[in-house]
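Structure first, then comments.
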Amino acid sequence: MVLARRTAVATAATALLAVPLGLPKFYLLLATEILIMGLFAMAFNLLLGYGGMVSFGHAAFYGVGAYTCGLLLKKADVPFAVSFLAAPVVAAAVALVFGLLCIRLTRIYFSMLTLAFSQIVWAIAFKWYSLTGGDNGLIGIPVPSALADPRALYLFTVAIVVLVGGLLWRLVNAPFGRTLLAVRENAERAEFVGIHVRRVQLAAFVISGGVSGLAGALFSLFSRGAFPDYAYWTKSAEVLLMTLLGGPYVFLGPALGAAILIALNSIVTSFTEYWPVVLGAVLLMLIYVFPGGVTRFFLVGPTAPARAPGEPR
Amino acid sequence: MKRLMVLVGFMLMVATVLGSAPAPAAAQEPIKIGVIYGLGGAAAPYTKPAVTGHEMAVEEINGKGGVLGRKLQLVVRDDQSKPDVGVREARDLILKEKVNFLTGIIHSGVALAVSEVAKEYKTILLVSIAKTAALTEDKGHRYAFRSTSNTLIEGRAAAILMAQQPFKRYAIAGPDYEYGHRMGEDFVTQLKKLRPDVQIVTEVWPKLGERDFTPHINALLQAKPDMVFSSIWGGDHIAFVKQAKPYGFFGKTQYLAIGQGDLDVVVPLGAEAPEGMWVSSNYTFYHPDSPANRDFVAKYKARTGDLPPSGAAFAYTSTYFLAEAIRKAKSTDTEKVVDALEGLTVETVHGPLTIRAYDHQSNKGQYFGRLKKAPEYPFLIIGDLQYIGGEKTMRTLDEVKALRGQK
Amino acid sequence: MIDLGILGDPAFVAVQCLNGLTQAMFLFLIASGLTLIFGVLGVLNFAHGSLYMLGAYLSYTIASLFVGRPSAFWVALVLGSLGVALAGGLIEAVFLRPVYRREELDQLLVTYALVLIIGDVVKFAWGPDNRSISRPAILAGSVLIGGRDFPTYNLVVIALGPLVAAALWLLLTRTQFGRLIRAAASDREMVGVVGADVSRLFTGVFVLGAWLGGLGGGLAAPVGAIYPGMDVEVIAESFIVVVVGGMGSLTGTLLGSIIIGQLNAFGILFFPRFALLFVYVLMVVVLVVRPWGLLGKPHTR
């Protein structure tokens, strides 16, 4: 059963991921963007869906990842592999520092502190002209020639996203994932049965931040640049919306949310500049029609409670 | 398992819907021009009229049979003033909409980011409003052009003007981002070259979108400057002026506001605009009193009922540059149009403007003067108006070469 | 480049203090509505900045109907803020009421959706242009303070802040409505038990909060530009004020406003290029040292 399931997943994933290669370049780029944001959303959801921690400042780690990779490539002439892998490491280190202070707080206070930290990261990126290029951004990041072709970059993205997505999947299904869920459901009880709640939360925070940084690095390759906006709170809102739209209680839900939001944006903005009002309407629909996200609606049915009591699928 | 299949099915469906790509363009199809602006927020007073400006130019050109027998067609996109969105929209325009050319852009960061896309896809980008000098300096390349002035041209022009005045004590004010700092630096560098005797007594850098300028106003007054050079713009400028007046600010110091003789701020300020304030302007409907400008004003008024703000003039000019270049190249082929744009002179609402062949920077200058009441308008206009052309202040070729690291 | 000498001039310092205080009172008027709504309804209203923007635009439109009359500003201020209160009532009844029993995140999402929708509606209805209205003629001038001009209008705003604070305090402590509000703030279930109509109470509080936001917008309109996008800065600043002062605490909001006003007024003298950072650093420090805010209650809801 396990083997059959794995084979099915692998087949489905391969089929799905091969599709864009046959599509015109524009859709290939769109698919690349969806995959990157999907990874970001899944990383974010490790905290939201599994850890029950609502971060308003995840853009900080995404931004740090993008700038780390971009700066090392552009200003330090560091080999690509090192630059790219440094991004999640630096992002995780930053997440460790922020996390130590943030996880002491709960609920809205946690959210507000993550927001404040990310705004400081944004302000630094915005102001430090000599290093980051300030509000003009870090432009013209030299992408290695092997990844210059959109197909190559797409395949590279697929490889990274599948690999890291798979690791995240294993993580949430490992004892760590169950512990994290137990903490989400009832931190006091978890503490009582001997779980070191803060350590678990901090670990989730750091991993989530690191993977977000990786997504940021991928995006800096994709857009050939890093910009302060990557660390701005609106980026945090974007990933939160993607996650909620797809559904935080299904592993791939956030990635699906990213796909829907990016595809919808691409379609709507070619007709009208009033994208925000469309997005607003979609959010209201999410609240009143699809509570728990699109995946919940399709996979469990609209009558299910908004919040799954047990383990997310 | 079943659930997984539903999910996969759904995603495949999305992929299929997206896969229905438009058919490739045939030879007699219109020439498509992609237009990118931040259409919301503080940029909107410039960019909404800009879209109208592009539309006016295109309709005029098409009314006369188009270019090379083909009509022009606009595809407008909103970059939300975010570079990553600008990059996405630019790629979308190039790859999906198959536009032949890109123009527009007000936000400097977006301009530089999209310029990279233009380089990658070998597509012409003619920037209509954004003023970061870098676009045509160290970040310049074969496919990036600008039909308007830049921060350096304007900062130096202001310095030339001010050097003739008796002011000695200068204060610098600007929004706290690249544009403000560059404008201030370019002004001060040139001014000190022309007048080594001046001194900078203080600087204030309110953030972009600041609502309360009173601490800055008080700090400026405390330094007792003769002249405040300011690049605060748009809604921020309106707020600054309204807040500064009751402090007696404009009686205690002179004030030069870069770009703030434009209608988008002069009209809402109405009679509250301080008489005698020094301003520069990107465009005025009353000068030059040329047939081209009169014609443009009449058409814009007929179309919208309003006088044309600067945004409309920026856009109208860039559209005509593109159309003329295509005509001259006798082709829409990018490489041929690049060659045609290099050194191209077009008769615009500002008079004849030329895009310099080497760095693709236009010699568009700025209008300077002091605000005065005009009985025929409910707002102030610029008196003692003088136009300082870009050719007087733009970088020399040697300077640009040095910036680009070339010999 | 830090030069403390500038503080040696008492008249300058006095005026700068008053400038900071003006800013503080604007912030308080806006943020008090936000904190009230959070305290009672438990909803962090992202759309509060949109209500502020709506207040400014409505004032502009109403004032332009009465242009030339000395009463134009006052009529616009009263009618405009009442219009926003009405809009607040509709928002509460239509969008928020169905989601009170849901997670906080859902309520937040509703208000965020409203930010997007109201932003586009304003842009569509009023167009992209900058708008501006004038101060009422009697307040357009200035008074001398230590030999320096200080705007009369700003003095009025400085006076209005404590006035509104006092009125709210009286409302909360001396009326039945206020007692219910405070009861609801500490225990929402309890109010239902004692028989009060919780639903009407919530609507009332949201209307009051929205009115305060609209009033802030109307008062700020004559000293700034009215433009689409003016909501963004405001909501960020009010959030910070509320977090620093203590979420749900009115006195905390007043204190938070005053601190941030003075921080901005004097911070720009010493770190003119880092104004962006002040408030976020303050926010971090407060949340780390005293997460519930300066005057908030330690227990979390």
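Here the chain labels run A, B and C in written order, and each chain numbers its own residues starting at 1.
One rule holds for everything that comes next: contacts are C-beta pairs under 8 Å (C-beta built on N, C-alpha and C of every residue); 3 or more make two chains touch, one makes a residue touch a chain.
None of these values were measured; they are calculated from a predicted model.
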*Between the chains shown, work out who touches whom and classify the graph as line, ring, star, complete or other.*
complete
*Would you say B-C or A-C is joined by more C-beta pairs in contact?*
B-C
*Taking each chain's centre as the mean of its CA atoms, how far is subunit B from subunit C in angstrom?*
34
_CA centroid of subunit A to CA centroid of subunit C, Å_ = 33
*Give me the residues of subunit A that touch two or more other chains.*
126-127, 276
*Would you mind listing the residues of subunit B that make contact with two or more other chains?*
39-40, 176
_Among all residues of subunit C, which ones touch two or more of the remaining chains?_
119, 273, 276
*Going by the contact rule at the top, pick out the subunit B residues touching subunit A in the complex.*
1, 3-8, 10-12, 14-15, 18-19, 21, 39-40, 76-78, 82-84, 87-89, 91-92, 95-97, 108-109, 112-113, 115-116, 120, 132, 134, 139, 176-178, 181
*asked:* Going by the contact rule set out above, which residues of subunit A touch subunit C in the complex?
replied: 54, 101, 104-109, 112-113, 115-117, 119-120, 123, 126-127, 233, 237, 241, 244, 274, 276-277, 279-281, 283-284, 286-288, 291, 306-307
*If you look only at subunit A, which of its residues touch subunit B in the complex?*
5, 8-9, 12, 15-16, 19-20, 23-27, 29-31, 33, 126-127, 129, 134-137, 139-140, 219, 223-225, 227, 229-230, 252, 256, 259-260, 263, 266, 269-270, 273, 275-276, 295, 298-299, 313
*Sort out for me which residues of subunit C touch subunit A in the complex.*
44, 95, 98-99, 102-106, 109-110, 112-117, 119-121, 124, 236, 239, 243, 247, 273-274, 276-277, 280-281, 283-284, 287-288, 291-292, 300-301
*asked:* Help me check something: in the complex, which residues belonging to subunit B touch subunit C?
replied: 39-42, 44-45, 47-48, 176, 203-207, 209-212, 214-219, 221-222, 234-236, 238-239, 242-243, 246-248, 264-265, 267-270, 272
